[in-house]
Every structure is written in C-alpha cells, then in structure tokens.
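Shared between the two complexes below is subunit A, which has subunit B as its partner in the first and subunit C in the second.
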Partner chain A sequence: MSRFLIGRLGASLVSLFGASLVAFLILRLSPGDPARLFLGPFAGREAVDALRVELGLDGSLASQYLLYIANFLRGDWGFSYSTGQPVATLIARRFPATLELGLFAFLLAFVAAVALALVAAYRRGPTDAGARAVSFFAMGVPPFWFGLVLLLVFFEALGWLPGPDGRLSLRTIPPPAVTGFVTVDALLAGDGAAFRDALAHLILPGVTLALMPFSFLFRLLRANLIDIAREPFITVARSRGLTRWWAFVRHALPNAFLPTLTASGLLFGQLLAGSVLVERVFVWPGVGALVTDGVLKQDFSVVQAFILLSAVIYVLCNLAVDLIAGLIDPRVAGAAR
Partner chain B sequence: MSEAGSIAAGARPRSRSRAVLASLRRNAGFGLALVLTVVLLLLAIAGPSLWHLGPLDMDFGAPLAAPSFAHPMGTDSNGRDVFARFLAGARISLAVGAAVVVTGLIVGGGIGIAAGIGGRVLDTVLMRIVDALAAFPPLILAMAITVGLGVGLTTAAFGIMLSCVPFFARLMRADILRIRALPFIEASVAVGVGRWRIVGRHLLPHTAPTMLVQCASVFGYAILTLAGLGFIGLGAQIPEPEWGAMITDGLQYALTGQWWLALFPGFGVLAAVVAANLLADHAQAVLGVRGRER
Partner chain C sequence: MTGNVVLDIAGLSAEFATREGTAHVVRDVGFTVRAGEKVAIVGESGSGKSTFALALLGLLDPPGRIAAGAVRLDGRDLVGLGEGALKRVRGRSISLVFQDPMGALDPIKTIGAQLVDTLRRHQPGLSRADARRRAAELLREVEVGDAERRLDDYPHQYSGGMRQRVMIAIAIANDPDIVVADEPTTALDVTTQAQILALFDRLVARRGLALLMITHNLAVVANFCDTLQVMYAGRIVERGAVDAVFERPAHPYTEALIESIPDPARRGARLRTIEGLPPDLRRLPTGCSFEPRCPVGRGRPVCRTVAPPPVPLADRGPGAFAECHFAAERAGEGAA
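And then the complex of A and B:
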C-alpha cells in the first residue's frame, strides 16, 4: 500500500511539473510585456524597465520559471490588469460560488446516472434505448447553449424558475456568509425563504453543468452493470432465491461502482472547465465567469492563473480517487506496482 | 399469440432492401447518425453556394428579423442572414473537426507508435510529455494554447488538436503493446521479417479499428470544443460565422425575444456531435473495439 501511495504521489508530481512547464511556456509565448501591460501605454521607459527587474523578467528562462513556480506556490498570482486587484484574491472570493455549483451539479449527475443506469441495465429494451438517447443528447449538446434553452423554457416561457441573476434574487437579503455556500448559509441562519431562493437559482445551472458528467457516468455504469449481470456470482445469488432486481441492486451495483469512482475524479476536475462555459450564461458569480470576463477584457493574467490552478485541481482530484480506489480495492494497489 | 407470430413472420426480411431496413430498425442510432452526417455534409459542401445570401451580407433594412420565408432562421443585429451563417458555420465546424482528427491522429498516433515500439527511455520521455498535456482538463489546455498563441480560429483549432494528442497517443501505445504481445508477431520475428515491415504490415493495420473509433469520437469532441472556445471568445470572432461565436452573439438577445440568433447554431453543434458519437459507438460495437478515450 505504501509503495502504491508513493508511486501515485510521484506520478502526480511529475505530471504537475510537466503541466507547470507547459503553462509557463504558454505564458512566455503570450504577446505583450507584462510590465508594459500593467503600467499602461503612457508609462515611461524607466518605469517599465524597473518593473521588469522587479518582476524578474530580466533573468534567464530557468530563473524565470523558478520564480513563476515560487510565486504560484506563495499565492502571488499577479495582478488583474483591468481591476488592479491581486488575482489570487479575485479567484478566492469567487471560488465558493463555483464549488457550490460544482458539488450540486455533481450530485445531480451522480444520482441521475445511477438511477438511470440501474433501470436501463435491468429492463433493457425500450427503456434502455430511451436512457441511452438521453445520454447521447447530454454528451453532444453544447452546455452553454442548453443552459440558454432551459432559461428560455423555464424562466421566459413558463416562469417557474428564476432567470440569470446569479445566486440569489435581488430582493432576497443574502444570509450572513459563514461557509460561502449560500444554501448552507441560509440554513444556518434559519432563513427558509433565502434557502428556497438559493436552491431555485442552483437548479438550471446545476442541470446544465451536470450533463457532461452524467453522460459519462451513465455510459460507464450501464456497461459495467450489463457485464457484471452475466457473472457467475449473480447466478449464484439468484439461485439462492434473490429476485433479479435485488441481485442487481445488492450485488451487481456495488461491483460496478469502482471504475465509476476513478472516472469521477476526472469528471469532477472537468467541472471547473465546464463552469467556464456555463457560468456566463447564468451570470453566476464564480471563477468560470471571472475567466470569461478576463477573456472579454483581454485581462489574461486571470486566465493564466486559472490555467495552472485548474491543472493542479485536476491532478489532485485524480490522485484522490486513485488513492480511494486503492483503499477500497486492494487489487488496484497491487496492480499498480 | 398467433397474431404476434404473424407479425414476427411478416417482419422477417425477404429481400436485400428489407434486410437493410430491418437492421436499421435494430440500429436506430446508427441510422440517425447516417442521416445527420449526410445532411450536414450536404449543407456544408453545397449549402453556401446554393443559398442566395452570403454569411457576411448585411441587410440594414432588416436587423433582428424573425424567421420568415426570406430568412428561414431570421437575421442578426446587423441584418446578416442566420441561415447563410449556419451553412458557413457547418463548413467551418466540419473542416476544423476533420483537420483536428487528421493532425491529431498523425501527431498523437505517431507519439504512441514511437513510445510503443521504441526503447524504454523513449517511451518514458514521450509518455511524460503526454502526461503533462493530460494534466489539464482538455478544454482548459485548448484555452491555454489559444491565449498563448493569440485568439482566433486557427489557433483554437491548433489548441484543440494538441488537447486531443493524449487521447490518440495513449490509445495507440496501448494498442501497439497489446498487438506486439500476440503470437503472430513473435512468429513474424522468428521467420525473419524485418522490424519496419512488422510495424508497417502487421502492427499498424491492426490498430485501425481502435483508431477509427477514436477518430469519430474526437471529431465530435473537436466540434464541441471549437464551439466552446468560440463561445468564450477565444475562437472565431464575430462576424466570422462560427457556431459557438454565433451563440455568444445571440446570447444578449435571447431573453429579449430574439431567440433565433443563438438557437439555430446550437442545433448544428448538437447534430454534428451526436452524429459523431453515435458513429463512434456503432463502430466500437461492430468492430469489437474495447476502449476509447473520451
């Protein structure tokens, strides 16, 4: 187990080192002098040169890389050219909104995928075909576009759910921030109205963001369930008098979960990428919207910090699920050696 | 019971065309994919020359006009015909999808082959590079490259291509290693077949099914990601008639009543990506391919 742990940790560190090199090279490739961009077109030559020295831009490529990594690890992610605020502060302030939406979407995706895969693999036939059609739709639809369609239907036409105005309606007084999750904060404050409002605001962006992980989890789980249902141990369970449904739920499902767990790490890490596509449609005040705003305002310092940050989160998510899989199933840890 | 039997007997294919129909009914998804593919190809290849309006032609008399016979998908804020832009967008998306698949297959497949048949050192070095690329969520890597090289359709396509290199490389390497271990390769070596001849005649042809499935899947990924980058503002720029950029352009009008700007391009993306994924799925089942990335 410890060998497995060290091996996985080492592999993650190597990936992160490579990713940081890629991110650094992209940063160097970017047109424009960061010092000039920060000081603006009217700053004097001396001022720009002084800032270049201060930012370490006059050193060799290797020393610049080391400085880049050191700054990233210290949380010094540069300044946003458009607002002048530290990028780390901007991202930290918006992270809870993205995390709340991401967790909600993942929960939706997971519950829907398990339920649908179970029914599809159990019934097969038209039920299965219908469920697969849904998954193909979820995989092929551009999320930002689907979010817009949902808004047109459920906000504009039916008026059932709130429109694109962020996490709460303007009329709702935000609950005092404790966790940064509006739904949880509202519950802690005992404010039922605010909780309902926050939940209503989560539904459409949550469903939109859930499409991609849902389709992956569903396909994986359904295929696994169908394979496992043919295993001898299911026949044994049935011969002991278990109903087919109970054999499915009690014996096939737990065994079909492990590959799903590994995929979950990838999918959860990708939610950050999805948030970039989805948040803008719903004016969700999260990191994804911060990045799209940065692109629109040509404020790439925010985008560059986000790129490396997302690689770090992605690799860590994968590492976490690999380790959990190793804990649950000793075969994983054994095979990895 | 007898009724059901007669229906079953009636459905039994007696001629070739009936057999095709029956197999299509069993593979409704594949049939749908074929129809979508043919329609999209026709629209992309012939559409722009048949439709009388160009994607950039402006009609200042009719900005934001609702769908009508003159403008089946309405017009945008500058009076450009959305249908003409949809057709041009189909051409862009399919062309970028094809370019990404071909270059991704060559670069990623090349890396996979080199890693699979080369020595241990080469394998390790190449796979660490692939790991570095795969350490980013694919969309973010494509984003990063577009930010680094400058915003635009070409750089977006390049970014998407690089982001799918890990899919091809890992799959190709795994497939080469799998085939290399088969007895017939050992037999070829034993009878003295040359190294490159084994690679060219025995290894590569056997990777074709896996790669074919992967190509179809990446084709859909490329079109979806291109639209995503266009939507964020990193890909094609308005007035370029790219589907994702068109959706962004229509976003501000969507909830004020002019829904057609953003709605129609989305159907294009949906149709193309669903068709690609259905084809990948069908090919995977028919060819008996085990895994694919994405």
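And then the complex of A and C:
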C-alpha cells in the first residue's frame, strides 16, 4: 500500500508540474508586457523597467518559472491588473462560494445517480427506460438555458424558491464567516432562518450544475451494475442466503462503483472549473464571475492563478479518488506493486 | 450408509421465454436424494444441467422460470416461495458450489468477510468473534493451511483450487442437508480435481450430507458417486447405480457418453464422438429426443413418433430406469 501511495503521489506531482508549466507559459508567451499592462500606457520607460526587475521578468525563462512557483506556493499569486488587488485575496474571497455550490451540486448528482442507477439496474423494464430518459435529457440540455427555465418556473411562476440574488436574500443577515460556506456558518451560528435561506438559494443552481455529472455518473454506474449483476458471485451471494436486492446492494454496487469513483474525481474537478456559466445565471458570487471578467479585461494573472488552482484541485481530487479506490479494491493497490 | 430423503424433486420443468418461442430447458425431472448419498447428473453442454441447479434453489431469473413441479427440501416445497422465505433456506438447508472459482467470490471482500457473513446470516446470535473462529475452523476443515491468517486475504490471493475449497467451506458453513455442486472441478487441473473430489468424499462421510454433483465429466462420476443420472435435452434419460450403468448402459446416449471418454487402451485410435447436436429445445421432436443422433434408433418409426416411457430397471439400484424403447433388451436379462 505504501508503494502504491508513493506512486500515486509521484504521478500527481508530475501532473502538477505539467499544469504549472502550461499556466506559466500561457502568460509569458502571450503578447504584451505584464509590467506595461500593470502600469498602463502613460508610465515612463524607467518605471516599467524597474517593475520588470522587481517582478523578476528580466531573468531567464527557467528562473522566471522557479520564481513563479515559489511565489505561488507562498500564496503570492500576483496582482490583478484591473483592480490592483492581490489575486490571492480576490480568489480567497470568492472561492468558498464556488466550492459550496460545487460540493452541493456534486452531492445531489452523486446521490441521485447512485439511487437511480441502483433501481434502474435492479428492476430494468419500464423503470430503467424512464431513468435512462431522464439521464438522456440531463445530458443534452444546456445548463445555462435550463437554469433560466428553473428560475422562470420555481421563482417567477411558482415563487417557491428564491431568485438569482446570490447566496442569501438581501434581508437575511449573513452569519459570521467561519468556514466560508454560508450553510455551515449559519448552522454554527445556530441561525435556522439563515440556514434555510442559504439552502433555498443553493437548490436551483445546484440542480442546474448537477445535471451533467448526474447524467454521466448514472449511465456509467447503471452499465457497470448490469454487467456485474451477471457475475457468478452475485448468484453465489444469493445462494448463501441474501435476497436479490441485498446481493445487488452489498456485492454488485461496491464492485460496480470503482469506475464511478474514478470518474467522480474528474467530474468534481470539472464541476468547479466549469461552473462559470451557471454562476452567471444565478448571480452567484463565486470565482466564475472573477474569471470571466479576467478574460474579458485581459487580467491574465487572475486567469493564470485560476488555471493553476483548477489544476491543483483536479489533481487532488484524482489523488483522493485513487487512494479511496485502493482502499476499496485490494487489486488496485496490488497492481501497482 | 444412506439415511432419510432430503431432497424430493417431482415433475420439475423449467423454461425460458425467447423470441422464437418457449425453450423447454428442464422437462419433467423427478428423483430423490437421501442423506449421505452422492448423486450425479451428467450431460453435455446445453443439456439443462445448470438451469436445473439454479431452479432447485429458486435462483432462476426471468426470462427463465419454473413451469411446473415441486422441489421438496426436508418435506417443504420450495417452488413458489418468495425471496424472503427462500433466503432462509439458501445457504442453510441447501447450498451451491459453482463451477468457476474465479468468479464465484466477491473480489473486493476478504475470504473471512464472506465466510462470516454466510455464518451470521443464518445464525444471528453468533458474535463476530465467534463467527470468525468458526470461519477459521471451516477453512481448516476444507484443508486450507494457515487458516487464521488467510481469512484476511482476498480471493485474488488464492489459487483456483484454494478458491474452490473456500467455496466449499461457504457451502457447508451452516451445516446444510444437501450441497448442489455445479461442475465443481471443471475449471481445475487434474491433480486439483482429484483433491477436491477427495475432500467432498470426506465431507459427505463425516457430516452425512447429501451431494448432488452436476457435471459433464463422466470420469469424475465413475469413481465418486453412488447414483448416476444422465440428462439429455432437459430430461433424465437414464438413472441407476454407477457401476451398473457403466457396465451395461441401457440408453444409447449413455453408452455414447461412456465411449467418448478417452481410453488409454485405445491409444492412437480416433476419439469417439456423438454426431450431431442436441435438439432445439423450442422445437422438440415428437418421438425420442435422441433419435436423430441415435446409433440404435435413428430412422426407426417407433423412435421417431413415440416418446419412450421410462423403463424400470429394478436390479440396478433404487429408482433405476432408462427412457429408451430398447432399454430392457439392452440392459440384459435381469431387467425383463
């Protein structure tokens, strides 16, 4: 197991190196001088040169890269050209909102996919056909359009859920920030009303964001379950005294689960990096808006930091998933020996 | 040597719904098995053996189903019972050993976990620690060395033969009355086969359980079982004591099966096979289902048109018979 662990960690480091190199090169190879961008068109030549030295832009590409990595690790992610604020501060302020929404959406997608795949693969027939139709729809519908439809129905027409006004209604007093997750903070503060409001605000963007990973996980798990259900050990489990349902839950599900788990790591990473459009629709104060602004205003240090941060999250998710897979399936860890 | 009737099967038929009609995979099978008895069902691939085994435990899933008949286990009919009632019988009174020891164990659960689960499922009062001790005892009983430590191993850390021993340990865990073994040695090499058969032999003798061995391999049966039943196209076409049937097979199909066993004495000669294929179970002939392949009856009007009734052959063991129009004359003087 420890060799498996070291192997996985090594692979993660290699991925991170690659991602950091790409993030670094995007900025360095893109036209325009960061120092000039930062100081504006009217700054003098000397000032720009001085800033170039200060930013380490006068060194070789390799030394610039090392400086960039060292700064990134220290939490110095540069300054936003458009606002002048440190990028780390900007992202830290907005990232919890994205993470909370992402986790909520992923939880929804995951629970719905597992439950539906289990029932569909167990019962087959019309239940299966219905579940597949739902997943087909979830896969095909554009999230931003679906988000708008949800708003029209549940906010505009029925008035059951709050509209696109961020994480809390205006009249709700935000709970003191501890974790940055409004729902968790509200619970910690013992503020039931704020918790309900925060949860209500999560539902529509959460469902919208959950569509794609739900559909993907459902189809993967359903297909695997149907395959595994034909394995002799399922019949053997029943011959030992389990009902068909429990043989399904206890033996088919854990075995069919591994590919789903691996995909989950990828999907969660994608979810965080890909929530930009949904955040726009629901006026969610996450990093999505920050990044779209960054792209539009050529605020490259923001975009760069986001790329590398996404890569770090992506790699960490996959590492976590690999380690869990190693715990579930002894053969995964064994194969790396 | 043998005791009470444990399993009493009567008129059991199983079928599969297919696009081109119903396939009658098991047709009107009936026999009894007594405690301590080793009964074999032999037939070629597709003869309905495995479907029959699944039907016995109520494990036949749609599109397959039991169409008629009774499976009385210790006097109680299992046919028509729901999963809730069957789960209390399966693994406790009747259990199953599968052909494929690679696929028969859950690959991501330890051997110990699967044994303990089997034990505690039927003995809820058993503590986890006691169940684990019992599991180790069971592994020792099926001759797995270093049993305590090997409880924590996963199936892929066991060899094929060892896995089959584990399967047997699971099957006997709750002291069942009968074990149904579906091709238990087919996937194993010859040396391991012999060891597994010897193990079965000891278990039957020691525990007095009944064994129903389902196999395509007559050689396995010859030295091991008491009673031989030959299955063809879903029917048992001959039954009798193993020695008597080998001596003078009354059914031409049985004879053909015995002759297709490779014989060292006929080294160099062409291996005998049975020409043709088993009939389409959706379109069975009106007469004898073996007639198109039969060296004795092929083309004979009686064989083509009349399904042969079972001809009792009383001196060849209890319940002995053969379903052939010429069974009496083929079996010899004693049968008439």
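To be clear about the criterion, the second predicted complex is superposed on the first by the 329 of 337 C-alpha atoms of A that agree within 3 Å, B and C clash if a C-alpha of one lies under 4 Å from a C-alpha of the other, contacts with A are read in each partner's own complex, and residues count from 1 in each chain.
By our rule, contacts are C-beta pairs under 8 Å (C-beta built on N, C-alpha and C of every residue); 3 or more make two chains touch, one makes a residue touch a chain.
Here the structure is a predicted model, which means the values were calculated and not measured.
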First, second, both or neither for A:105, with subunit B first and subunit C second: neither
Partner chain in contact with A:22 - subunit B first, subunit C second, else both or neither: first
Subunit B versus subunit C as contact partner of A:233, first or second or both or neither: second
Touched partner set for A:148, first subunit B, second subunit C, both or neither: first
Touching partner for A:331 - first (subunit B), second (subunit C), both, neither: second
Contacts of A:272 with subunit B and subunit C, given as first, second, both or neither: first
Winner by number of subunit A residues touched, once subunit B and subunit C are compared: B
Which superposed partner A:281 touches (first subunit B, second subunit C, both, neither): first
First, second, both or neither for A:253, with subunit B first and subunit C second: neither
Residue ranges of subunit B touching subunit A (in the complex, touch as defined): 28-29, 128-129, 131-141, 143-145, 147-151, 220, 224, 227-228, 231-234, 244, 247, 251, 254-255, 259, 262-263, 265-266, 269-270, 273-274, 276-278, 281
Touch list for subunit A against partner subunit B, complex: 11, 14-19, 21-23, 25-27, 29-31, 129, 132-133, 136-137, 139-142, 144-146, 148-149, 151-152, 155-156, 163-164, 269-270, 272-274, 276-277, 280-281, 291-292, 295-296, 300, 303-304, 306-307, 310-311, 314-315
Residues of subunit A touching subunit C in the complex: 231-233, 235-245, 251, 254-255, 328-331, 334
Subunit C - residues contacting subunit A, complex: 54, 57, 59, 61, 83-84, 87-88, 90-92, 95-96, 98-100, 103-109, 114, 117-118, 121-122, 154, 156, 167, 170
